[in-house]
C-alpha cells in the first residue's frame, strides 16, 4: 500500500495532493494543515470528486499519527506572500524556521520512517532544519531544490533552440534561490554540448531566465504552484517505486556542510547516491558561493 | 488531434486546465483570461512543468482564433466571491451575464464548431446565455450542472451507508443551486433501492447534505474547485472520445423551456439524447419548481 | 509499496502482468512460471521496455519467496487448449486441479498474507482448491468468475440498445461457465429496467450472447485474454487501494457451499461483504442449478 | 479526435493495439488483419473489456477506408517464425516484401494523409517499401528501427552500472538487425561518458548484449512483443501530440540512400528533423557498413 502525507495545504501543498489524488498515485493520502476550516474544505472538495475519479484513494486528514506507516511526507508549509513581496525566498525564513521545527518534531513524534520531500522555502535551509528535527538519516530527507529550476532551464534553453524541454539535459545547481546557477558544462541539447550551441553572450542571457521566469510567475499570480508540485510528485513517485531517478535535488553534501541543489539518485530510501559531476573551476566556485550563501542564513 | 480551450483561469478554470494537462488528455490546450498578468503567470507555470510531465501538450494562450478548430471549450469565468458572500450562486449573475454575452459572441466570431461545457454560475442560466450568443445548436452547449451535485450526493449517501460513492447510483436534478433536489426514486446503493435502505427521516436529513457540503467547501476555502473541475474534465473526455456517457448535466429541455440538470447521453456532438426518467409526481413537481426558479432569473 | 505476483505466464497471465506494468499499478511485479525459458523471455521483453515506460516497476522472477510480502497474487495457470477444443472450461480441470494444489501449497509455504485473485479455469472450482490449499481465510481468495461474463453482458445488451456498455448495470451470476445466467431482474440500462426494454423473445436471444461471444473469441484466436486480464487487473487495483468495489466475482457462499459468481464488495482484505440480491424465484433456481453443477465437478 | 490504425494483428500488432486501448491514447482505433477469424476474435476480446476500461475508445475493424482521416498507421504484419528459425530478420523479407507492397498500396488508395510507423521486419527495408508504395513524403514514413535496440542497450548498460535504464543516454544506430552498433561516443550514464566508465574489454562485451538479448526473447517465447510495442506506442504518442521527441528511429538519410536507424525529432508530421551526430570515424564506418548491408537487401 502506498501512503503519502502532505503537510501544509497552501497553493502548492494542495496542488501536490490533488495531483497525487487525480492520478491514483497512492492508496492513502493524508492531508495536514493548521487551518482547520481550510483543511475540512479541501477534504470535502476532494471527497466530492471521488465518484468521478478513475482511481480510489483513501483521504485522511489532520492526524500526525497517520505518518507512522506513511512512505513519503511532502512538506509545503510557508508564507509565500513574504517571499513574493520581497523577491527573495529568504523573506519566508523567520516564519518557516519556526514551522519547520514544529513540523519536524511532530514527524519525529509520529514515528515516521519514510522519506521527507520538502518544498517549503528557503528550500535548502528548511530541508536542513527538517532533517535536524526529525533526526531521520540525511538520505531520508531531501528538498525539491533545483529540480524545479532545472525544469525552468530546460524550458528556456529549449525555447532558445526551438526544442521540447525534454530534449534538453543538464542541471541547475546550488541554492533554490537567487544564487543558483546553470552548470553549462552539463547542458546538452539533442546530443550537442551547450558550448557548441551558444555564444558567451547568449549564455549570459540564458543564465538569467530561470530565476526571472520564476518571479514572473510569482508576481503574476501571487505564488507558483503547478511546476513545483509536479516536481515534488515525480520525486515522490521515485521513492514509492524505487525508481533510481537521477535528478538534481536539495541533498546534503558533506563537502559544503549544507543541503544544496546537486544531482543524486532517488529511490525508496530517499537519496541512494550523490552523483559527482566534473564541474569547471568557475562552476565549482559558484557552488561554493551558493553554499556559503545558504549556510550564512541558517 | 484533441484540442481543448479553457476560458477563465480563476481557481476552477486553471484547475480544469491543469487536470487536462497533467493527464495528457489533449494535444493542444488553449488558455484564455482577460487578466493578462495572470494568464502569463499560469502559462509559464504550466510550461515550467513540461519537462516533468508524462505527456506532451502544446500550451497556447490568449487567442480566441485558436477556437476555430478546437473540439471543446470549457467556460469558467465568474465572480465566485459574490456567490460565497451571499450563499447564492445567483449573486454572480449580474457580472457573469455580461461576461457570458461577451464570451459567447467571441466564441461565435472565432468560428468554433465543437462543444461548449459551461461551469460558470448560475450554471443553468449562463449555459443558456452561452447557447444563445454562440448560436450553436442546443446539443452542442451544456453545463456541468448537477453532475457535480450528484457526485456530492453519491458521497453523502455513500458515507451514510459506509460505501464507496461509486457504489451509489442515482441523480440530483434541477438547478445547480439551492432549488436542486435528489431524485430518490433513482437512487440505488449496491442494487438496493433507496426506499428500502432509508427511513423518510433519514432521507430528509440526507436531502440537505449535498447543498450544505458545497457551501461548507466554499466558505472554508473561498471557492470550490477540485470536484467541479473533475466533473468538467470527465465531460470533456466524453466529448473527445465520443463515450456516450450517461450523466446528469445542464441540458436544454423543451418541456421546461430552460437548461436544467437532467440525465443525458454525452458524446462527440455534445448531448446525443436526453434520457426520460420515470419520476414520481412529487419529483416532477420539484423539477417544475426548480425550472420556474431558473427561468425567473434569466 | 504495492507488490503483485502473477503465477502462470500463458496468454492471460502475461497480459495481466503487462497491463499492470504498462500502467505503473504496482512497485514490484513478480513473475512466476514453470517454463523457465518462457519466463526469462518475458522477463527480458519486459525489462527491454523499461526505459520507454512512464513509470518504474521492479520486475522480479521465479521465486515463490517473493510472495511473503506481496499484496496480491493473481493465478493464471492452465491448459486453455483443452477448454477450447471441447468448448467446456471443465476440460481443463484434470490438469489444473493438480496445478492448483501445487501452486496453493507453494503460496502457503511462502507465507503469503494477501489476497489471491484466481483466473484459472474452471474458475469457481480452482478458486475453491486454491483457498483450501493456501488455508487463507475465504475472504482472501476470490476468482474473476462472472465479472468477465458481466462485462460481456454489458457489451451485448449495450449493443442491442445502441448504448455504451458502461451504461448497462446488472450481473451475470453463477458458474463462470456454461451454466451461468444473466440475472435480468438486476439489469438496468440508463435507469430503465430490462423488463421495460426487452420482450421475452429478445431476452431469450440476449441470454445466449455472453457465452457465445466468449467461445467466438476463444475459437477465433485460440484463447481469450484482453477482457479477462482487464477484469483481473481491476480487481487487483480494488484490493491495493481498498476501493470497496462492488463487483460480481467468484466468492464463497455458505448457502451454496461453493465458490460461485455473485456480487460482493472488494477491498484490501479481499471480500469485504457479500451483497444479497432480491432475485426472482426463477433466478434463484438458476443459482441452485449452477451451484450444483459446480459442486458435482469438485 | 485521435485516430490510430494498426495493420497486422500478430503478437506485436495486437499488443500495440491493446496498449493504446488500455491507456486511452486515441479516440478511434482501427484494427486490420487478413485473417478474418482472428480479427473478429480480437475485436470481441477488446469490446468485452470496454466496460472495465478507464477510457472510452471506439474500436473499428477491417476497413482500409477508415485510414482516410487517421493520424497514425502502425504496420506490424509479418512472419516472425521465419526470422526466429533463422536468427536473421531478413528471413522474413520475401513474405513481408509482398505484404508491404500490398499494404502500402491500400494505404495510398485509402487517401491516408498521416504518419506511418512501421514495425515489420526487416524494419529498414520494409519502411522503405512502404514509403515507396504509399508515395507519402519521406518524413511521414518511419520505422521503430533502433529505438528498440537503444532501449535494450539502455537496459544492458544500466545493468552493468547497477543503474535504471532511464539514466543511460545514447543510441544504437544502423540496421534494426545484426549489423546495428552502439555509438559509444553518444553513451552517457548519469552525466558520465561511457569512455570514462568502461574498459575496451567491457565495451566489447556490452556491444553484443542488445542483439543477444533480442534473440534470447525471440527464441524463448517465439517472438518479441512488449518492448517493441511500447516503442511503437511512444512514437505514435509523439506524432499525435506533436511532442518533438528526440529518438533514434528508422529514418531516410540521403547520404546513405536508405532508411536506417539514426536520431531524429518526431512530431505531428513524422520526422521533423534529422539530428546530426558527431560520430567517431570508426562509428561512421560502421554506419556505412550497416547501410550497405541494408541496401544490398532491397
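The first chain written gets the first letter, and so on, giving A, B, C and D; residue counts start at 1 in each chain.
Going forward, contacts are C-beta pairs under 8 Å (C-beta built on N, C-alpha and C of every residue); 3 or more make two chains touch, one makes a residue touch a chain.
It should be emphasised that the depicted structure is a prediction, and the values quoted were computed from it without experimental measurement.
Asker: With over half of the numbers shared counting as same, classify the chain A/chain B interface as same or different.
Answerer: Copies use mostly the same positions to touch.
Asker: Between A-C, A-D or C-D, which shows the same interface as B-C, counting it as a repeat when over half of the contact pairs match?
Answerer: Over half of the B-C contact pairs recur in A-D.
Asker: Among the chains, which one keeps its Cα centre farthest from the Cα centre of chain B?
Answerer: D
Asker: What's the distance between the Cα centroids of chain A and chain B, rounded to whole Å?
Answerer: Centres of chain A and chain B (C-alpha means) sit 33 Å apart.
Asker: Could you please state the distance in Å, as a whole number, between where the Cα atoms of chain B are centred and where those of chain D are centred?
Answerer: Computed from C-alpha means, the inter-chain centre distance equals 42 Å.
Asker: Averaged over CA atoms, how far is the centre of chain A from the centre of chain D? Could you give it in whole Å?
Answerer: 36
Asker: Any chance you could list the residues of chain B touching two or more other chains?
Answerer: 56, 164, 166, 243-245
Asker: How about chain C: which of its residues touch chain B in the complex?
Answerer: Listed in rising order, the residues of chain C that touch chain B are 54, 163-164, 166-167, 169, 171, 186, 188, 190-191, 243-246, 263, 265, 275, 277.
Asker: Which residues of chain C touch chain D in the complex?
Answerer: 15, 18-19, 21-23, 37-38, 40-42, 44-53, 56, 148, 151-152, 154-155, 158, 164-166, 168, 213-214, 216-221, 224-227, 230-231, 234
Asker: Give every residue of chain D touching chain B within the complex, in rising order.
Answerer: 1-2, 24, 27, 55-58, 71, 237-238, 240-245, 268
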